[in-house]
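Two complexes, one shared chain (subunit A), two partners (subunit B, subunit C).
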Partner chain A sequence: MKRILLFLAFAGLVGCSSGDDSDGGNQGKDSFDRQAMLINWADNIIIPAYENYTEKLATLNAQAEVFVTTPDESNLNNVRVAWLEAYRAFQYVGMYEIGKAEELKLHSYSNIYPTQVDGNAVDADGINQNIASGSYDLTALSNIDEQGFPALDYMLHGIAETDTEIVNLYLNGSNYKTYLTDLSVRLKSLADAVLADWKGTYRDNFINNKGNTATSSTNKLVNDFIYHFEKNLRAGKIGIPAGVFSGGTILPEKVEGYYRNDVSKLLLLDAIDAANDFFNGRAFASGVEGASLKSYLEYLNDIQEGNNLALLINVQFSTAKNMADQLSESISAQVQSDNSVALNVYDELQRNVVYFKVDMLSAMSINVDYVDADGD
Partner chain B sequence: MRSRLLLSVLSITTMAFTSCSSDDDGANLGYEIPASYTFERAGSSTVSYGGQTIRILMLDELRTYLKTQDNWPLDANRVSNMYSNTDAPFESADLNEATSKQLKSKTAASRDYFVNLNGGGSTAEQVAVRQQFENWLSAAAEASVNGANAVNAEPGFAGIADGSRLVDGNGLEIEQVMAKGLMGAVFVDQILNNYISGAVLDEASNVANNDNAVLEEGELYTTMEHKWDEAYGYIYGAGGGKYWDSYISQVDADSDFSGVRAAIDEAFIAGRAAIVNGDYEERDRQAAIIKENLSLVVAVRAVHYLQSGKESLVPDATAAFHALSEGYGFILSLRYTQNPSSEAPYLSKEDVDGMLETLLGGTNGFWDVDHLNDNLDVISQKIAEAFGFTVEAAAISE
Partner chain C sequence: MNPEENTYFNKYREAAPLAVFRIFFGFLMFLSIVRFMGLGWVDKLYIQPKFFFSYYGFEWVKPIGIYTYLIFVFCGLSALAVAFGFKYRLAIISFFLSFTYIELMDKTTYLNHYYFISLMAFVMIFLPANAYYSIDAKHRGNIAYQKVPAWTIDIVKVLLGIVYFYAGLAKLNSDWLLHALPLKIWLPSKYNIPVIGSFLEQEWVHYAFSWIGAFYDLLIPFLLLFKRTRLFAFALVVIFHVLTRVMFPIGMFPFIMIFSTLIFFSDRWHHRFLSIISKYLKVSKSYFDNGKKLVMSRIPYVRFKLRLLMLFLIIQLLFPFRYLLYPGELFWTEEGFRFSWRVMLMEKAGYANFIITDPNTKKSYHVDNSNFLTPFQEKQMSFQPDFILEFAHFLHDHFEEMGIDNPEVRVECYVALNGRLSQLYIDPTVNLAKEEESFAHKSWLLPFNDEIKGL
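Entry: the complex of A and B
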């Protein structure tokens, strides 16, 4: 609290007590060029990240096609490599749940895990039932957890015990081939639609919506970014498997790439890097930094406990990455062997959630647009 | 008025006192402070703390289940389920139906310490504390097997001690540790470090909504009003007279600490009135009074029971187990206090853990009277110093 007050005092803002001014209570004093930041985000980060992602998905589609045409272990491995490359590229776009991505639920349709392998009382159809029947609609909400990278993970690593058996399934069952192809195509069609929209009219809409209201681009994307960091990254990738949300009961099956089982740390580190890069406004291709949340905070000259908040956040990113480096390649294995490492990673990420959600939003006079129910 | 009462408590202590200015009273605030915790909007009460009443009653029922001999041997699953409200474990249908409410998920769960990770808190600590309570419940179930067979406890062996109390091999009376421990890890933590914390009261659009009387959907209160009420409910809920409400009165009855009752009561009322009138500085001054005084109550009771246990160590140590178990639970609770000046507990987690370890550090825990005799005063002194009162003041209620 004290920190926040100090913070507001320095920034000369009254955001937290100014009441109804959703239209920017601090605009008299805050003349940061939000549009320059939006342009940097769109042109140098988001669109290039989607271009990279769709390229990786094109490779995945091509490798999947080769494999279903000629199922053998070599081709299987090529699909696996392409899957991982695309999954890593996805970590750089998953946080931009705005515009077409929001409309299509790109993140959810691409990466809900654990994937539903078999039917249950709530949903009779899992992946295996879909394959058996050959009748399914991947655009249906009921199939949202039977597709995307986690479903592909199962199809490529978990559907049988050995590689030989996996290949045999595809050799002998056309439904397997079809499902694999459909999953791969579906991922790409989602990403293509989002990229096309950015390259069409959306980019200009995005950069021109430069105000400070709940629906302004900055406000929305900053909220999306924090939500992603809190829910998908901190909770999804590490907190849930570490048992933070299940009364201390670890859930080693709830990790990314569970069937492959040695990539969950890698994907976590990629996601942290992606978030850090976005914060710093680091161009996807060149690595050059442009207008960003970091430069915005520096502009506001916010001092927190004698330190610059942007610096505190970047230091915290480093601390979190260093802690995450100590994880086993498999977060599943880590939580089972020594969960304290995972809990520490969770806390180091949580510290940045607090900086973002409390301190940064106050400084920028941006209202948080989601609040967790506390169960009274 | 409020401030003077607080000062009267503090004047007999050396407690650092920094949080509230001494010269404001209701008359200068420009709005009225009601005599009781009664707040209305359009003629209907806006005060609501049903969830807190339910959790207080859950602790009641858990304790009753643990200590009722007819229930021995205890059903270990049910005991654990009562902690997490799983599979309708309670006698009371109201508690079973409150499926979103439980004690476990609110154990070491405050915003300040276990979300924002201030005050030395961490998720690892949260997980460990919850597991510790689970372990004690398992130990109670284990001890109840001997209890059912009327086997007396012996050093290193669980059973019955001091009449009909169920203790583990260290002489720890689990029912008391659960009661006093959860009074700290749930109630105090939620009151001080969550519901009257600025981080919760001012979250998201709470200030704007409170200023503009934007009510929660389907309710008569603003979110900020409700948060404050939820803190209130953990003391005064379930009809009052339970847990902290009772211990505040007991500490207040000791002339060394008289005034603590009025200080807490009036700060809750004044803080709520401040919220209604959008006076957030005053609200925070009242929150600081609650933090200081409720923390003080925890500390006084901890020392009180250590000293009372010390009196009963000879000739039969088992006569001290009950008081020492209460003291153990209150010490555990000290970790959840908050000094409004530092926004951290008066005693750190490390200090508290050290004291708990020392208490049970003798051979077979409370059975080792020599170890206890050497250490009870040391621990008492350390607590008293951290809060600025004397061991003697807390030891004797008069």
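Entry: the complex of A and C
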């Protein structure tokens, strides 16, 4: 009997205390549907972005074929246009390094820059050696920096001084034609494989893996997203050329589209937009916002009575974009003329890295990748 | 203190509870070690990293490459020997030393319950846990006793009680009680757990869990102590630990606590338990029931041991309060946070961007932490000041080797605590290469922009 009384006293104590202290704001509130977020990501953002990307690559392939059949300046320009369109479309898929894309290393095989033009002590083969020998395996890891958009950039803008000279190289050398075609086909085959997987079984696996473990879809993709934002976008596109990681020594050759030399700002802005759209759950085609990291944070913010983190992040996105708008078309030229503009962009992007890695992961209780030791 | 005259020290109890405790402790430690090795954590946590975070004063304790496995094997075998009561004194000393060595190798992996294991193993060195139902007692009749001084059992209870009670005290703060933090952050993310998942998003559940958790920790030692409430308390222990095991990745700890609390049960219960085991193992339990009493005076160096353990307990009672000697918010500075049974109190995360400056050329370099640290180390480093300082010194040495004379190391570090917006954590103008680790307050920590009231 005493035992029962004690239990009741204990339960009563706990009951009252908790009753007194909760202000009852969210008790009836519906919970956040994480699977809806995964579905929105898969169906409205990722798959449409890949569809768009593969279409752009199909055009690139077609234009490259026309050009190698009939090398002239007009056809060269058409390939260049198609290359830029595909490169821009790539900015919208590069961050989803999950599933087949992760397995095939889609991002690395498509966009390592600077591309390796000539062999060196570390790696004997560059693009020029590949072209000269005519024997190379683009699926080999050793050729990872001799392909993708940066290699195409060199093939379309960098192999000679003038357009006439470039066309002449293609007219006189079948190896140039083959290499250009191979690069273009390789990009498309990678993207096709990833899209086919999403449209096959992967989409369902993705949306049903809705838990909160290290391998669940939300955790993995959020980690991928942050990694992309920090390493590929903030560091790769602006920090490295601005010398942030090299003691202030600017590295103007380490930009996207270096040989074209007037698209690095455009590609940076596209990548910021793509990241911002993903954060807001903005559908690729319609632009309508769905369940997203933003709405998840807003939901958690209501529970946790915290700061409006989603708003802060979006404000920071705008600030970074406004700052990036002030860059010259070529980040290479910008860091050489006035590096402070580039450093400002870096700082604004950096602030969002902190919001993502510290505040957002903390609010969502998402672990940093691969950390699976015990806690206490 | 004169053990012969003091009536408490002349009280005797059956040795069975101590023997059962020894058996469970040994086997669970053995399993923990096997599990740890089986999960590949030796390699991941102690062999792959290029850099290890040391405890102040224990910088000499480092993993020894591939031979680190031997330490684990040694530790596991010692635990097994403890369980069997085989060469017990040697086994428990080996276990204490190897386990503690493992924990000191890298403070990234610090867990309160590992600390608890080290403390318990230390105390067990001085207890006659092999007097009953052990291989030692079987083979060396002169050390076999059916009864032992009561204090040798009570001290285990006191240690367990301290863990619970201090964990409860630590919860008496405004974040835990008035804001249900950090459970309010953690529980909703466990939405995927069957049955209870949907409740975990309800605000009242966050408060209920916080308050029940605090009361549980504060009361459970006392509920276990009294016969009337013992069974109820044990049921709570099981429910509480199973629930936390389901919700959080806390490894073997719940099982260790569940089995440890059995020591609060009566002599009769322990005898019955050993009878059942004896039947299965075909061991003659009656052999150990020799009626002999290990009288205090027969324990070698008993006065020394008692004084040592007394001092140990006083330190245990005072040590968690050392944070009072430091200015600033404990959760923020973490000065006096570890080794104090502060469990599950904070959702804390940080981001540390180190900047190396060459004082001659004034050129600055941003460091990519992942070149030196594993993701786990980077995560732990980025919100704990002593880790940040140690890593800063490592970077100083590294860049000096790379040819920079006297490199300056600064950090741009943001930390978020219990759902508050991240704020700058460390004075970004301070050259950390010039700051030394010590037990004194770290003046380069920036103040916390909020207040957490309570203990």
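Criterion: the second predicted complex is superposed on the first by the 332 of 376 C-alpha atoms of A that agree within 3 Å, B and C clash if a C-alpha of one lies under 4 Å from a C-alpha of the other, contacts with A are read in each partner's own complex, and residues count from 1 in each chain.
Convention: a residue touches a chain if its C-beta (ideal position, glycine included) is under 8 Å from a C-beta of that chain, and two chains touch if they have at least 3 such contacts.
None of the values given here were measured: they were computed from a predicted structure.
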| item | value |
| --- | --- |
| Partner chain(s) touched by A:Val354 [first = subunit B, second = subunit C, both, neither] | both |
| Which of subunit B and subunit C A:Gly248 touches, first, second, both or neither | both |
| When both partners are placed on the shared chain, which of subunit B and subunit C touches more of subunit A | C |
| Contacts of A:Asn344 with subunit B and subunit C, given as first, second, both or neither | first |
| Which of subunit B and subunit C A:Val368 touches, first, second, both or neither | both |
| Touching partner for A:Ser31 - first (subunit B), second (subunit C), both, neither | second |
| Contacts of A:Asn276 with subunit B and subunit C, given as first, second, both or neither | neither |
| Overlap of subunit C and subunit B interfaces on subunit A (superposed complexes) | 2, 17-19, 239, 244, 247-248, 350, 354, 358, 368, 371, 375-376 |
| Partner subunit C, residues of subunit A touching it in the complex | 2-3, 6-7, 10, 13-15, 17-19, 21-22, 24-27, 31-32, 34, 210-212, 216, 239, 244-249, 300, 303-307, 309, 312, 350, 353-355, 357-359, 361-366, 368-376 |
| Complex interface listing, subunit C residues touching subunit A | 41, 45, 109, 111-113, 177-181, 184-186, 188-192, 198, 201-204, 206-208, 210-212, 215, 219, 228-229, 231-232, 248-253, 343-344, 347-351, 353, 358, 361, 363-366, 368, 375-376, 378-379, 414-416, 419-422 |
| Subunit A contact footprint on subunit B (complex, rising order) | 50-51, 84, 100-101, 104-106, 115-117, 122-124, 127, 130-131, 197-199, 202-205, 207-208, 211-212, 230, 280, 284, 343 |
| Subunit A residues within the subunit B interface of the complex | 1-2, 4, 16-20, 239, 242-244, 247-248, 339-340, 343-344, 346-347, 350-351, 354, 358, 367-368, 371, 375-376 |
